[in-house]
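Quick one: the structure is below, questions incoming.
Per-chain numbering from 1; labels A, B, C and D assigned in written order.
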Amino acid sequence: MRRYKPLLPVFAIYVILLIIGATTPGLWQPIMFIMFYIGIGVALNNFLGLTGYVDFGYVAFLAMGAYGMAVALNYFTELGFGAVALGFFLALLFSALLCIAVGGVALRLRGAYFAIATIGVNEGLRYLIEGARIWGGSEGIVLSGKLRKAFGPDFANYLSTFVADVCLIIVIFVASVITIYLINSRVGYALLALREDEDAAKVVGINVTKYKLIAFFTSAAIGSLIGASAWTLKLTYVFPEDVFFIHYTVEAIVIVMLGGAGTLLGPVISGLIYGALKYYLSVILPGFQLLAFAPLLIIIVVAFPDGIVGYVRKKLRGKSLFEYIR
Amino acid sequence: MVLLRLEGVTKRFGGLVAVDHVDLEVNEGEAVGIVGPNGSGKTTLYNIISGVYLPDEGKVFFEGNDITKLPPHERTPLGLARTFQIPRPFGAASVKENVAIGAMFGRAKANVDEAMKMADEYLELVGMYELVNKEAKLLTPLEKKLMELARALAMKPKLLLLDELMAGMNPNDINRIIELVKKIKVKENIAVVSMVEHLMHAITQFAERVVVMHQGKKLIEGPTMEVLNDPKVIEVYLGKKMVIEGYEG
Amino acid sequence: MAFFEQLASNLIYGMLLGGVYGLATMGLSLIFGVLRVVNVGHGAFIMLGAFTAFWMFTLYSIPPIASIVMALVIGLALGYLIFMSVMRRLLDAPELSTLLAMFGIGIFIEELAKFFWGPDYVGYSWNIGGISFPITEIPFTKICAFISSIIIAALLYIWFQRTKLGKAIRAVVEDREGAMVCGVDVNRIYALSFALGIGLTVLSGVLVTLFTPVGINVYMGGDYTLKAFVIAVLGGLGSPWGAFYAGFIFGLLENGSYTLLGLIPGVEPFGLTRFVSFAGLLVILLVKPTGLLGGE
Amino acid sequence: MQVAIKWINDQGGIKVGDTVYKLDLKYYDDESKKETVQSLVERLATVDKVKFVLAPYSSGLTLAAAPIAEKYGVLMNSHGGASDYIFEQGYYYVVQTLSPASKYQTGFLDMVHKLDPNAKRLALVYEDKEFSRAVHQAAKKYAEELGFEIVYEKTYPAGTSDLSPILNELKATNPDVIIGGGHFADGQLLASQLAELKIDVKAISILVAPALPAFYEALGTNAEGICAPAQWEVGVKYSPDVAKELGFEWYGPTQDEFMKLFKEIAGEDKTPSYHAAEAAAVLSYAKAIEKAQSLDPAKVREAMNDLGFMCVYGMWKIDPETGKQAGHEMVIIQWQGGEKKIVWPTAAANSDPCYPIPSWDEKSAGKICGT
């Protein structure tokens, strides 16, 4: 159990956030907004943080999840909750298929080549859906009316303002457990080695392709579940230009890096900071939030290259608190 | 019994032949030295044995099995381990984690808990116990080399390939390391192949048999003292100072 | 023979566009080659060039072709400033940190531009006529953009081959340690290459508007960033010349494939050209992981 | 919207029973992100205790905000989300002030049909995005009903810098009329490349882009004669007199008052555009609240069902069941001699349509519409 101590502060943050959201009027959506950013940070961290590979096309996995859920709700509406379950299954299936396609091509590449190949995957897939008019093409899939007709407006609203949130929360809790499990297991050590020196890792006996794929599939699966719950289920529509928007990938990368790549707590803290900052800046400084955000980002990158948690861990090395922070 | 056998191994880079039809045999538990100047093809040979390069010609056998085409990560569990001329630690990991990774993925195939225990043991063995929690990238070059040795030993290999392990060390360290490797070699019946550029003293102390490489070819092979006194060998090193005592940087 | 006429005119336009793409990618490739920095803020600098051309034309009636010099100077100065204030401190940091920093700088420039120039889409019309072919019309402005891009690339090539500084930059790209040993002041080369890379990018923004003189907006750079990444990889990352040639390939592929895709029923061929160019990237990387024109 | 708020407050506010309410405005920037908009609508509903929201400026965002609005019983008036399907989803608490997407290009087709029944060959080139697709699908259907022959229809992806592949193809089909566009950048590009490739037709209508002054600044005389649909334009002839003539009630500031108030608030150099729609949305709230004599959104929504009035923006009347705007009519603007003129519908027009438009060669020689 000792190795699972780092989950304590993480779960504490989640629980405190949820309590604040549930008890303070008007803060539930903002808390879910923050949870979304924590979620994409935790999800991407399982790949970017653990392997050091930058996936610029990461949002494609969220998109696959969003489409999986949308396809299930759109074509199998009569299944009710069954359609939601099917949606999560399809989300996982679609993202796994994409994983196989990307893993086959891109994971053989390194560094900037990998990063750019994944941009190709993301943009290519989006234009394929739009150009070949798959799943409604650029018109996307709009579900609100269908859900309201099938389930009644109250239940449909309940789906998108409560069930979707609960699903997201569950996904994030599970994702954090998966992260700590990975970090503590052979997989985690293999990834640590390949992140630091891939060639040396091979010589030490690590099947780098296998472990990269494990991280890739894990991260993609979590991402797709987030896409299914925080996008489709919650917003009740999917437009390709919206779900393949590269901005989300960049935001997720920023969160992972700010918090400290490869740490458990890092993406949680920075997701919290990023989400809260974004929300309050849009309230306090409407129209100028990005102008304030950009220099802040540059300063943090220059001053804390290991991220917040990376920095704290360095300071705490050898102290008793150290084993709670990962 | 023959542990490792190379048959006519050749590797070319562009127009250059780095390793030219080399045959080599290493027996179980044997200590072999490979001597040769810079560019004689030693490191390429190591890379072929450990699977980093595929040879253009020739075959590699380990315990009688053809491993010529196996990727590195499938060779290591058979009982291969190596160190690098310029150490390649997993920088952000702690010293202990570095060694534990060796124990997990080498022939030892230890689980995480066992690997951590083994890491402690082997680090104590090489005299680095007080450094276990340090970040590997903060170590001195010498410490990095010792850590790599511990990492390689923790893999419980049958064949250990050392690449210029002792270059840059002072005589005290060299003696300590030689004693250490000798002891472990006997205790765990490891065959050790040690590659050096010049350090003849260490080789005489350690190797039972020596192979001299020159321009990608095997120049001569035989019992250590015999080979070192061979006129051909002296000719190869003509114009270069033969360092028998002390160390060469 | 409408099919071949269409194909021919699309290929001509693809080539003209490709020249602009090529030049617009050289800066990105140079910065990556020398500093190993992925400039995710690339598009923001193209936008600056576009606005330079726009303001010079609108306020002072200076023809865009003359703004090229102005844009280069602005870019060089800005690049030097960014290097000295931010990038210099990140030289030893991992690839990801510099990527994040460039992302932040890109946003900062865009937001500042929005603050001063507003979010409107602007444009200019510099009407200098064109050539009529039986198959299509080509305005002189586009030909101008194409020829300027070739001339600039050629001048740059000569500069790299002939001058001491140019040679030093090439040396650093090929072998950093080796160059250092040979007495090259690597930090100076870094600063210079970064400034030159940004200068080229801002300059190419002028050519972008020469080709497409409308729709100039503070966020216009995003699409160019994506395309530049792809083109840079096609050309072998870090090789400005490779990038220049790859620009042509990309332009020809993008416009040329339209005619062929138009034969498929029930799809949107223009959208699919994007799919083809990105899928083409993946296929090329699959066959040759260092890019089409890249070395080992 | 500040204009309408100021006008109502200057008039003494809204009287509900004996209490007089003054309007107050809270606004946040949603960055056009779907995640942000939900949080902000919730904040408006709970922290700021807002009961009446002007919906975010896009169809997707409106859709994202709708369930939250419904959950808190907040009434949302869409002055931005113009897509029809939002109102086909069954959200009772979402009403529309803008004319829906399906109406954008129909006025122009009516106009061409009336001016020149022989101009039959219609080409469509538009951006492959949900909104422009909705607009042009509806327009295509309507054109076929009017007897147009669709000679060409293609889309282009967002972020294109060269439209020559489709425009070369289009030129070969020899159309009389072109409709298309999507947003700002591509609309400017479409017009500029039609000029470069010298594709001469009798009439052109492009979505969104030509309605802004920047369009003429960017294209110069090449913009002459190009039409665009607009929800509202300075100079429309809606006035208390027109309202009386048509038998509707007039509410809110007259156009002159509106312009004066707008300049006071926004500054001299600005011209209102979508602001009129925002004002109408605010006015509709005020009117409905007064009518319902209650601040309860449910009652206000009910009162909206048989509300119908004319204001500076034109008619405001919704379809009771869906909340879709049914009363308001769009205008067609055309660039004539460097000015944006309203040419359609005749009731609102302040200039005659220029038809057929001058050729590109004539335009580059300096010919403008109206000479």
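As a working rule, contacts are C-beta pairs under 8 Å (C-beta built on N, C-alpha and C of every residue); 3 or more make two chains touch, one makes a residue touch a chain.
What you see is a predicted model, and the numbers here were worked out from it, not measured in a lab.
The chains that touch both chain B and chain C are A.
Set against the Cα centre of chain B, the chain with the most distant centre is D.
Rounded to whole angstrom units, the spacing between the C-alpha centres of chain C and chain D is 37.
With centres set at the average Cα position, the gap from chain B to chain D is 76 Å. The mean-CA centres of chain A and chain B are about 43 angstrom from one another, to the nearest whole unit. In chain A, the positions touching at least two other chains are 127, 130-131, 137-138, 290. In chain C, 222, 268-271, 273-274 are the positions where the chain touches two or more neighbouring chains simultaneously.
Residue numbers of chain D whose C-beta contacts span two or more other chains: 128, 155, 157.
All chain pairs in contact, by the document's touch criterion: A-B, A-C, A-D, C-D. Those residues of chain B whose C-beta lies close enough to touch chain A in the complex are 50-52, 71-74, 76-77, 82, 84, 88-93, 97, 100-102, 104-106, 111-112, 115, 133, 151, 155.
Within the complex formed with chain A, the residues of chain C that make contact are 32, 38, 40, 86, 89-90, 93-97, 99-101, 103-105, 107-108, 110-112, 114-115, 222, 226, 229-230, 232-233, 237, 261, 266-275, 278-279, 281-282, 285-286, 289-291. Contact residues on chain A toward chain D in their complex (touch as defined above): 25-26, 28-30, 32-33, 36, 127, 130-131, 137-140, 142, 144-145, 148-149, 153, 156-157, 160-161, 230-231, 234-237, 239, 241-242, 278-279, 282-283, 286-287, 289-290. Against chain D, the residues of chain C that register as touching in their complex are 2, 6, 9-10, 13, 17, 58, 120-125, 127, 130, 132, 135-139, 142, 208, 211-217, 220, 222-223, 255, 258-259, 262, 268-271, 273-274.
Those residues of chain D whose C-beta lies close enough to touch chain A in the complex are 27-31, 34-36, 38-43, 45-47, 60, 63-64, 66-68, 70-71, 85, 88-92, 128-130, 133-134, 155, 157-158.
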